[in-house]
Structure formats: C-alpha cells, structure tokens
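Okay, handing you the structure first.
For reference, chains read A, B, C and D in written order, and residue numbers begin at 1 within each chain.
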C-alpha cells in the first residue's frame, strides 16, 4: 500500500459507471472472467479438498446504468472462496446480487478435483484428476448445474466384431452436466460414469492390473452411442438427478478426428 | 490402396451399427468432431477464399438403432468442402440427412478468414485474420447462425476520467452470432463491430498510423458494457439481422483477468 | 485510408526506437509473434498448397539501439507470404536482415498441411491434416529445421503379451524436427514416420478398412520407445537427413496421462 | 481393488520392457507427461501452499533395453508430491534414478502459485496467480531451473511520444527461467520483474487505485526491448542468479499479433 499524495478519497473521484445510459439496452450478463482463485471444495472422502478455480462472475445490468463495478466481484470472491459448494454458493450469489444491486447473479467455475484411486488388482494407489464445475444462478430462486469431465477407455464394438484379432480402443471423455434435488457427491457421479465405459482409467497400473483392464475393455465394447445411453440409463435410475446433459467424445485411435454423441433430458418436462 | 487377401466385400462383414438397440434412448446428436478440412468460403472482395475448417457434423439417431455410420460424415464433407457458404450448406446438410437416414443434420464449423486492411494514414496494406463460423441445422427447414470473432482496442472511460494523464486500454474480443433473413457478408459484420470499439486493430501501422489510432482510442473510451450496447444498436438497425448474441471480453491491461459483457436478442420474440 | 489533418509526414514524428540505449544489453531476439497469415507452401502432389501460417519473426538488436521497428516485419511477411518454402526462405530472411539492419534474422512458422489419403482396402479418399513448420535463421549462412507432427496408432506390446485377448491401443503423436542437405518433401517425412507406427491413421475408413487397420495394429505392437527407435533408424538410413529430433507422445487409453519418448542426434557430431 | 481370478503374481507375467533391444539406439528421455497431481510448494509468506502440478518425469534408457517401466514414475511422484521444492527435488530425482536404474532423471513441472496482493492505494487485498515451474536433472550432479510467468502492464514509449493524448498499453507476459546458487523465493523473482513493467497488475483495484496505476504506467513507458533489458539488469545485479533467460510478449492493444523480445545469459560463460 503506497502512502502518497496520489491517495484520494473514493468520493472525490467521478463514478462513470453510475452515470445514466440513454441507449435503452439492458445487459444480460456483465462481470469478470478467467479469474483464477485458490478454493476449497467439499470432498466425500476427506471433508474438504484444496483446488484452484477458474471463475466467471456476472450480474445483469438494467438499461439505465452505464456500467457495473468490476472490483466488487473480486471482493465477493475473496470473501467466499474458502468454500465453493452446493451448500455455500447461494449465500455467495445473494451477496453478489446485493453488492451489485442486481436482479440476477451468475457464477461459473471449473476446477481440478482429485480422487485417490487404487489399481484394480495390485491395489497400488495414485491420484486421478477430474475437471469439475458449477454453473449457478440466483435471482428469486437458486438454480445450479454440476459438471464433471471423466476420461474413460472405450473399445469399438464394430472393430472387435469384424476383426480376427484385437479391437481399436482409445481414451474418451465423458462430460456430464446435471441438476439434482438432493446432494450428489462428485465422487458418485464419477462412479456412475466410469461404470459405463469399456474400462475406467487409472493413475497407476502394474502388469497384473494392465492385463485386467485390457481384458475388461475387450469384454465390454462401447460405441460413443453406447456410452451416452448407458450413462443416461444410470441418470434415469437415480431419482436425485432431475435433468442431465451427456456428451461423449472418443479420441479415435484410427482417425485424427473424434467420434461424438450427445443426449439431454429434463425429467420434469419430457 | 492395398491389394491383399484382407480385401473383403462390404456386405460380408457384420454391420453392428444397424443392429437393434433395446435401451429405448434416442440420441440427440451423434457424429464426428474436430475434423480439419481444407475449404473454400465466399469472400466479398475476391469471390472465394481458401481456408481450413474445423468441423463438427452430427445427426440424430432414433432409439431403435445401435449406432450411426461415422465414415459417411467424412464422405459428405469430402464431397462438399469446395464451397462452405450460406448458399451451399442446405444442400450439404440434406445430403447428410439422406445418407444417414436421419431427421436432423447439424454442422458446426469455424475457420480463419482474412481481409486485406490498409493502415488508416499511411495506407500500408496487410492481412488481418478473423475467426468465423457457421452453425447450421437442417430438418424440414434450414436454420443457420453465422459467428465472427473480432479483436478491437478498448480504452477504459473510468480510467480516462479519473486520471490526470493516460488511460488504460487493451485488446478486447467481440464474438457475435447472428441469424439473418438475407445475405450479410462477413466483411459487413466485421465493419459494424469494428466501428463500435475505441479503435480497430491493424496488421501493420507506421508511426503516423500509430499516432492516429492512439488518439482515436483516447477520444472514444468504451467499457465492455458500451461495446455490447453499441454493437446491439448496430444490429438492431440492420433489418437483415433477425437475432443476435454479442459477447465482449477485454483482456484488461491492469488485471490478469478479463472484463466481460453479454447481450442476446431474438427480434421475432421480444 | 483516412484523409485528415492527422496526416503527418513520417519524418516529422520522433523515432524513439532509433534513440541510443545506455543499458549496454544486446537483445538476442526481438520482433513479432503469433502473426496469422495466409500462405502458399510447396506440395509434392500439386505444386502448391494454400495454408495459414502462424509466424514468429525476429532479429537481434545491438546494445546501442533502444528498439526495433515492428511494422517492418509485417511488411516483409506481406511481401513474401506467397511462397513459404525451403527455396524461398533465404531470400525472405535476407530481406528481413537488411530492412532491420540486423546480423541475424529468424523465422518460425507452423501451418496445417493436407494430404489426400486413400483408405487401405476400399480406396475411399479423404484429406488428412498434419501440422508442419520451419525454423530458419539467416546470418552469414542459412540454417533451417523442418518440423512435422504425425498422428499414428500405437498398440502396447506389453498389454498384448500379457493379456488373453485384446491389447490397449491409442492415438499417439510423433513430432520430428530435421535438418537436411537436400530437399526432403513433407510427404516423404510423413511416409517414413507412418511406417513406424502400429498403423497409420486415415480420414475415412469403411468396414473392410477398419478390419485391416485393427489387425495391422494388433500385428505391429509398438511402445513409445519402439516408435522413436524405428523413426531414428529410418532417419539414420536417409543420407539427406543430417540431424534429427524425434518425440513420441501416446495418449494412453488406460491412463489420463501420456507416455513419452525423445531421441536427438546430429550426424555431423556423434 | 478387485479380488478375482485374474489376480496373478507379478512374476508370472512376462516383462516385455526388460527384454533385449537389438536396434542399438539409446533413448535420451522416456517417461510420462501431462501427469496432473496435487502438490505442496514452499511459500515465503505461509510456509507451504497447496497447488496442482502438471508433471513430466523422464529418464534415459540404455540401448540394450526394450522399454522403461512407466508405472514407477507415478509411484515416485505419489511418494514425493507432498513437497515440490528446491530442497526436496534432489532426493526425489535420486529415487527415480535408482528405481528406474537410469543415469539421468529429469523432472519438469508447472503449477499455479498465488500471492496475496494489496491494491496500491486502497490496500484492498486479493489473490494474484503466477504460473511457476521447475526443470530439474539429476545424474552425478543436480541441476535446476526455476521458471515464472509474470503478467504486467506495458505502455508504448513510441505511442506516448508521438501522440497528443493517451498512449496504447496492454497486458504483457514476462517469462523468466533462472539458475541460482542460493535460494531465491518465487516471490522475490516476481517482485524483481514487476518493478520493470510500466505498472504491476492487481487482482482488485478501486477507483483511487485505478487512477494510480493508470498514471504510473503513463509515467513509465516500456517497449518489450526495455522490459527484457530492465529484467536483465535486475538479474545481473543479483549475485544469487547464475544464469537467466527472459522472454517478454506484449499482447499489443493495436494489433492482433504480439510484440516479443528475448535475452539469455549464463554468467559463468560470458
């Protein structure tokens, strides 16, 4: 903090943002983006987990005002970053709404989430990363979508069927976005999705483990179409999940491009 | 092409994709993604322009079928890549629908687009790149959104107002997505948007040009809020544009994060 | 081009860059980066191919001068972008050296390069993209490195050996950087590298093709270690290649991380 | 951990990697890449800081052996990730060398590092992220390079000089890589570099702060050439720093491309 003659009281400087705007255009979302911040998130195994969030925080701006006050978004983030969770977000967004005098406050955040995972035969442990996120909106009510990206092995049913030996397989990425009416742990979502691939991925595999996952994948061939359908069946069967979007993208080992499938459903509507 | 005893007639190999699926889940979109392909696009100045497209091609898949036929997407792309334009896309998507026996065919593509741009004072020429794209869907009717990302200079009105000298400014990115009822050239969209920044960007500026754009930006301060509103006013005034989304993201020179604003409107609805 | 009273003659504006610098520090490289430009490159099949280059152009700056003249880099690029090739680069770099009054001129460029590739059994054609590049330096002599990134299929020898059925495989990326004493076509480099994988990738595969590449990969298992060694053997055997660097990165289908190997050799030295 | 009849003793499965290789090509580096892992790093203010590392771990492989043992890299990482620091890395790399029976062990890691930073006038706090890293090699001796990327404001001296009002400025990124003979805190490196920009960046600025940094930047114009020279002077004056590389890349607000400068020096040699 510089002690200098440039120190001026806040009130003596004009507030451009607060001036009247004549263009008659309300702004849907205005705020800050790509704000990197250290955070803590809830973790089923250990209570809390340290991570790093990439945040977008926005509010609506009525047509009367020239601008929003960008520094207040970071003030609020600094105050609430100690717990980013389903439980804590409504309060944070209400604070944002109030501080910015807005009707809507929106938060989007993505963060790496780690789970200790043991190899399937040897039991050797290692940490496995999943990219997770929340998209939340507060106006009169609170709405929140949880997102998780889960890498899996997929083995091609067609390749297995038509070939005399082997079958092409590859890393695929499953992205899910769900709304729930009760807490669903990130770890639970990951488990549901990993059960739908040809095999899960592991941070560490010894030879008996590698034999196990190779044969497991060969015995469970899955198209991207199978993957989205299997995950959809799992989400349909879970009454806590009220809507879902499922994307699967296979980084095909026989092509330089990817195979892709997408399914979305809101249980309340259809 | 290998002439070998592995050559088999297509019909002798089982077609897994065509088998019946019992899971009762229709798939919204299935196909290929991240397909890089050389293309030609229409260009107001020269007729056509060579570029390189990153494609996503998808169709819907009824609940009865196990899978789609991925190779057919690339066959269609290979056939139609010589002209990717508003005029040519409906035919391409109809071919995709028919070949895949689908109700919906979707195409998303982004590609670099170049315009020769002359420096504002010296007139020195250079090529300026914009990332453009189309998102098109064909079922009974054809729907298409054109996207363009335009980098601009933005100079902060607040910083200018409160400071005794200078004003922070930076590169900002304006992303627009529009539907139109008549042809609007990519070049026209770019012109409309560049007129809304504090100053346009140029590939090449000599000293008199640099003086010109520095003073131009200082004389036209713009918040992200001003940017989205100015572009919205321009799109409101153009009767060919029937709906729009406008995003502005300033890579703030005084922060490591970005300032962001978003406005969307469908003229037919609101 | 604006006709206005801001028009000033070049000579009337001070040239800060040309002022004397007292800090006594010569600068190794100064210039422009991330300059996107439409280019043409030589192509064995068709003579020339349109592409889009991402350029870095730099020169050295003696300790006496405060700055370089950035606009001149783009002027030179604008003049020479019609042919970016082994044959044409020395002249371009000499022009850069002269225009910037420098001892060294450096160019780095990467660009997408396309080859029409036919499926191995059906013969169906499609376009396959490779990311290529040049790193060139001109002072008294001209030095140039050609870079190519080639995606391949790799099938794990260990997984095949220890498993009762199947074998994990995945997309791998081979990056090579070579110096030559004679022209080696990009297409030749790609052929040499693709022959070293478990199988090449294809833009389009029908079922008989998919059977072929699945079995081909199963019959040719390759670790990343095998890949770098096989490519090294190929480069050792080609007398036109005088030095090489080979990197292989497998996007392991059983892990979320990648397997990696690297070999480098300058034939003149070791 | 699956208890199943696929459980086999490690010794009963063939060890392909340990078989003899006849190709006579030693591999410079082989191992794992893009391994994401939760880590703790030393922190001048608080002792330790939680972060997330992106690791590359490699060893050399003699020409006699077919392959390395990839799982052992993750085993070692899992064991040593609790402290990634100048002090702890030699032991980790020695363990890697021993476990892999190699002559050289290499580690490269990058991770986000946060510092609480107060606004220059209001004193308002926020967290500021810097991307840091280590590149370390252990054979008989230990060698390590510390890397830090620091975003700064740069204001163009030419634009200021030739313009009647304003001056273009932008976010620039300074990347430094240094070797030291004594501990230099990451925080110290950041301080040295931030002092060389037109102004530092802040996570949070109120209006009096924005006035301060705007005027500070206007009073301290810097080319990329000035930036690399100022940082070089600072590193020359610090006797703990024995070699350095400095890169500056300005995301020019008047161009879509970047201005770039690079200086390197090994004090022991030149």
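For the reader, a short list of remarks on this structure follows.
What we mean here is this: a residue touches a chain if its C-beta (ideal position, glycine included) is under 8 Å from a C-beta of that chain, and two chains touch if they have at least 3 such contacts.
This structure is a prediction, so every number in the text was calculated from the model and none was measured.
Contacts with subunit A and subunit B are shared by C, D.
Each chain gets a centre from the mean of its Cα atoms; for subunit B and subunit D, those two points are 34 Å apart. Rounded to whole angstrom units, the spacing between the C-alpha centres of subunit C and subunit D is 25. Subunit B and subunit C have CA centres that are 27 Å apart.
For subunit C, residues touching at least two other chains, in rising order: 13, 35-36, 74, 129, 158, 162, 203, 205, 207, 211, 215, 256-257. Interchain contacts join each chain to each other chain, per the touch definition above. The touching residues of subunit B, counted against subunit A in their complex, run 13-14, 16-17, 21, 23, 25-36, 56, 58, 61, 66-68, 70, 74, 157-158, 161-162, 223-226, 228-230, 232-233, 249, 256-264. Chain contact summary for the complex, subunit B toward subunit D: residues 128-129, 151, 153, 155-156, 158-160, 162-171, 199, 201-203, 205, 207, 210-211, 213-215, 217-219, 251-257. Residues 1-2, 4, 6-10, 13, 15, 35-38, 50-52, 71, 74-75, 78, 81, 112, 114, 118-127, 129, 203-208, 211-212, 215 of subunit C are the ones that touch subunit B when the two sit in their complex.
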